[in-house]
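A, B, C and D label the chains in the order they appear, each numbered from 1.
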Amino acid sequence: MNFGSDNSSGVHPRIMAALAAANDGSAPSYGRDALTEGAAGRLREIFEAPDAAVFLVGTGTGSNALALAQLCPPWGRIFCHETAHIETSESGGPAWMAGGASLALTPGAWGRMTPQALAARIADYPQVDEHDGRNAVLSITNATEWGTVHDAASVAGLCAVARGAGMAVHVDGARFANAVAATGASPAALTWRAGVDALSLGGTKNGCLALEAVVFFDPARAQDFAFRRMRAGHLWSKHRFLAAQALAWLEGGLWLDLARHANAAAAELAAGLRNSGHAPLAPVEANEVFVRLPRAVIARARAAGLRAADWPAAGDDEDRGTIRLVTGWTTTAEEIAALLAVL
Amino acid sequence: MNFGSDNSSGVHPRIMAALAAANDGSAPSYGRDALTEGAAGRLREIFEAPDAAVFLVGTGTGSNALALAQLCPPWGRIFCHETAHIETSESGGPAWMAGGASLALTPGAWGRMTPQALAARIADYPQVDEHDGRNAVLSITNATEWGTVHDAASVAGLCAVARGAGMAVHVDGARFANAVAATGASPAALTWRAGVDALSLGGTKNGCLALEAVVFFDPARAQDFAFRRMRAGHLWSKHRFLAAQALAWLEGGLWLDLARHANAAAAELAAGLRNSGHAPLAPVEANEVFVRLPRAVIARARAAGLRAADWPAAGDDEDRGTIRLVTGWTTTAEEIAALLAVL
Amino acid sequence: MNFGSDNSSGVHPRIMAALAAANDGSAPSYGRDALTEGAAGRLREIFEAPDAAVFLVGTGTGSNALALAQLCPPWGRIFCHETAHIETSESGGPAWMAGGASLALTPGAWGRMTPQALAARIADYPQVDEHDGRNAVLSITNATEWGTVHDAASVAGLCAVARGAGMAVHVDGARFANAVAATGASPAALTWRAGVDALSLGGTKNGCLALEAVVFFDPARAQDFAFRRMRAGHLWSKHRFLAAQALAWLEGGLWLDLARHANAAAAELAAGLRNSGHAPLAPVEANEVFVRLPRAVIARARAAGLRAADWPAAGDDEDRGTIRLVTGWTTTAEEIAALLAVL
Amino acid sequence: MNFGSDNSSGVHPRIMAALAAANDGSAPSYGRDALTEGAAGRLREIFEAPDAAVFLVGTGTGSNALALAQLCPPWGRIFCHETAHIETSESGGPAWMAGGASLALTPGAWGRMTPQALAARIADYPQVDEHDGRNAVLSITNATEWGTVHDAASVAGLCAVARGAGMAVHVDGARFANAVAATGASPAALTWRAGVDALSLGGTKNGCLALEAVVFFDPARAQDFAFRRMRAGHLWSKHRFLAAQALAWLEGGLWLDLARHANAAAAELAAGLRNSGHAPLAPVEANEVFVRLPRAVIARARAAGLRAADWPAAGDDEDRGTIRLVTGWTTTAEEIAALLAVL
């Protein structure tokens, strides 16, 4: 009963096979190989963005931090949800890579900002002179850290506020595939058509070994990004092994199949929880379920093999705590049934 | 005839097999898995350093930059050879990660500093007051960028100078296996026994997919390093796939077998070049051969399939240029023979 | 009617005279002169901290940013009030100088945090592993940005929470003299006796030309601070002219006399406003008065010569806005009367 | 006999008087006052650069570091002489403020680079790809750290090389007035007409209290510089006191009169030294004299009241060492005679 994280799953067999296949003979290093060109091309097609600049890296924090450093001046302010991964879980990486930028936290139910809340937060920082720093970037996580998603209209609404304030827009898409699967929107509709400048697209949580892509829809936005990636140590020398993952992950829509599987597992789990009187806290729209349970029940489930993170939430008390249940491409009906049986 | 870089080789079959084997079921993420513990333990054994702090990352620049940032204060100066990779090829990453540190370049024949040259360079920066910055770290590349190696006595001699000046010592060991194979010294003798504080140990050039280890021989030196690695985006979530590479690479001495193969190939190539009247420029001690050739010959060899980097060197002229020939774990006698035949 | 800022006042005649007097002959540069030693000694006496490390700089942002960089690791989090100057008005300087640290904003009425609010905010950032960054520093502004003050008990209460969480404590004392004058507490009681590690003590707003002091009560906390100050360009070469200001400002308690004058002027202004039906928004405890007025009245007052900053506050509307009235060592009864007459 | 540094001199009476005069009444803070506008205008006139962007700060390191940070990307390389102050004496400030840039040191007799040496050094860093960083800025010190000067042709020759390599040009003009006085060239001829983008113009060593100006001849180069200055803590709140210094220093050519005085004193001192058999090491062109003397003589002179820095130079030995004698606006014929008498 592994609901601890989509990072604890392994690598999809087709992706592992692609790594082995890519290991045939030598290839130019540092991304000058044919697979890398192919992967970038494939991403451009999928995003309907023939000019997009595409960069592959190995980790989500690397992807987020580098993308934000590219969009934000050192004196800039990055607006994000108060539960955004870039705020809670990256040890300050993005602000550091941007040269000492800052994050402006925005509230919102279950991981989602509203345009109104964003506008209010921006208004907290009037732009009078150099004391004020620069309101520079909006970063939206999609799917969010609370397992909800922004559909295309929601992304567009937030982008409109950001652009109206002269800001660029970044999407932390560590679970972007889940958002695409959940909304049915096209990748383009969830990004550049809605006003997004750069996407950190996550593969690692969704079947890859270590693969994230940074996509700048307007290549002018990517100027000198290669230097940033290099000096941060995020340019793989045997780059074909990033590209091979990307190609296999995207091939035949595997990335979305895996995301749909994870989302469906979460929905099934949520339904089961509701039936057993434990309705999830947040809307279950992607691959995460948050549920408040008697602490004794949580302990019993763990004793029976459950892996799940504690996720303290407002309303928890001495007797009842909240846990996060993450489904992934490997989650089975048996795991779900076993968990529901224990609860 | 692929002599372009040891980065253009693929992954050794035993390492690729280990990745596949590691992909069985789920595992805790972020290095809390059993393979990671095993890999760290194995490195401690090999280095006879039971307390060493071991961190795995995916790239050599990440490994160098993070290790140096750990050893060097922001106002510090890192002494290195003027051809050191951290100076020439990392786009300023190490100095940046160290908070704006600087490199003090030291000359020396064929990539090697002498203790005398190092001492003279340190003397260029008297330590009177806060204007002067801090002479903080010595970074030795071993094997060097010119294919030479430092034996244990040479490392110890440099460390003595550095320690006498109150400095810490780092080894850029992107090709450390080649240095061990070339010198016959133990890993411990080439590092902590000689006075080295931290080693960036490279696997990627020597049969791995993406694997480098940062080893701090005194764990007190590693305090808070985990934060550095995390915020720089160098903590892999599916960390077992770093560890699996390490274990397979070290298993049964594979790492040294591969290095010996590469070194032997370079020696064979050098001998052939000498026989054909093209004596290598620098002593061939590891897996790199630098040779000055008529430019017409270089062009002909490339037309025949040679991959090798131009490596401009003092003494080149209009008619004759220098190239770098790198051998690796995949280099075959046929490739060498073919190259010698073309020349 | 200059209530725009205490920065728009000039230099007290005794301080200007001290500058002229210091200009007699030559003196060692970079703080090795006798006046500097004298100023440091005088501050140690006043703070009853014979071992304190004292550094003079020219600006408040320099003082804050350097002090916080000293206390906070790059992966650290600095807790401060959401209206703290380091958050709103320093263009990200402190977080940048600390190597990419972040600020965690804490709410509280009229610029003051409560221990409860601080504890709750710290609890938002559990310290599990390297993803979480480090809860590192509490920064208290005293007097606050809303013209209120923390008395010794209030400082101690906040420090207790911070220290309980393993954090260091900084005071932004741009208006520290006003806080001392307002509370009647000793400088020691408001700082190290309450648990404060470092103070940025402001002279510029209180009669100096350009003078701030960074005081570390435990000199061990100041290790290598001189390098930070130097590389940031905050070590004056003609350092005696910082020290001369400090000595004259402290001489005979001038610093507190000037602060008392400013506080009394604010109290008089507040009383007048109350009498005229315009009660200040925030408690008037130091040298700032915030008042909501009909916008037409504000415009009329400005037309009549009022200088005061707009200070948008919750509750403002189309008809009524809030302004900030800052009194200083130069504020006269005539200015106050003139303003009250206009209103 | 104060030949220790031009920083140990005091403030010229006319400048001190201007500070007192500026202290009349209140003035807008942060550079929005009339004196600041006047000072910027005066500098634009003197440099015949009506569009130049002018920023005042209080220290030379602040001025250099901020100017270079503005011109150099984080992955950039700043070429400078190996004895440049930014390399030897600023504790890494410029490279840090530029986001982790690096300095590429260039040799040259007595503090001067030649175009050939600069071109050779640039050629050390071919610009192939992102590994290589960016050759970004040339920084020329004028007058140099060895008391020599670059005339307009020399500056133009270096600028031509830099511009040919796509680089911007900065002048560290801590002693720029001395260079103008020595060469007789116009300020414009020594800067923008020769190809210079930004000048750090020093007043502190030349009669001011704490005053440096950063001048960008093309205002487009200064975009967002105000944010850099602010967050580094280099925007004075009582900014009129920077501007008042500038105005008095420039008024009636005082800045050049003072520089001429210092230069003449150095020439007189050099002549005296030559007459007494102690010919200066380097050409004496500005206000510094370097002379090798028997160590016993140096000791005797110090015992007699000489203040001068040891300045170790190639050729020193056990018996003879080199000292630096700096003349300033306060140097008197008596001081020179007294020194010569002792020697």
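The criterion applied here is as follows: a contact is a pair of C-beta atoms (placed from the backbone, for glycine too) under 8 Å apart; a residue touches a chain by one contact, two chains touch by 3 or more.
In UniProt terms, the chains line up like this: A, B, C, D = Low specificity L-threonine aldolase.
All of these numbers come straight from a predicted model, not from anything done at the bench.
Shared touching chains for subunit A and subunit B?
C, D
Select the chain at the greatest separation from subunit A, using centres from the mean of Cα atoms.
Most distant chain from subunit A: D.
Comparing the two chain pairs, does B-D have more C-beta contacts than A-D, or is it the other way round?
B-D
Give, as an integer number of Å, the spacing between the C-alpha centres of subunit D and subunit B.
Result: the chain centres lie 41 Å from each other.
I'd like to verify one number: the distance from the centre of subunit C to the centre of subunit D, where each centre is the average of its C-alpha atoms, in whole angstrom.
Distance between chain centres: 34 Å.
Measure off the straight-line distance from the CA centroid of subunit A to the CA centroid of subunit D, and report it in whole Å.
From the centre of subunit A to the centre of subunit D is 50 Å.
Tell me, which residues of subunit A touch at least two other chains?
Residues 30, 74-75, 90-93, 96, 99-100, 130-131, 133, 227, 230-231, 235 of subunit A each touch two or more of the other chains.
For the complex, which residues does subunit B have touching subunit A?
2, 4-5, 7-11, 16, 19-20, 22-30, 57-66, 90-93, 96, 204-205, 209-210, 227, 230-238, 241, 307, 330
For the complex, which residues does subunit B have touching subunit C?
Going through subunit B, the ones touching subunit C are 30, 73-75, 99-100, 129-131, 133-134, 224, 226-231, 235.
Can you list the subunit C residues touching subunit A in their complex?
Contact set of subunit C toward subunit A: 74-77, 87-93, 95-97, 99-103, 105, 125-126, 130-133, 312.
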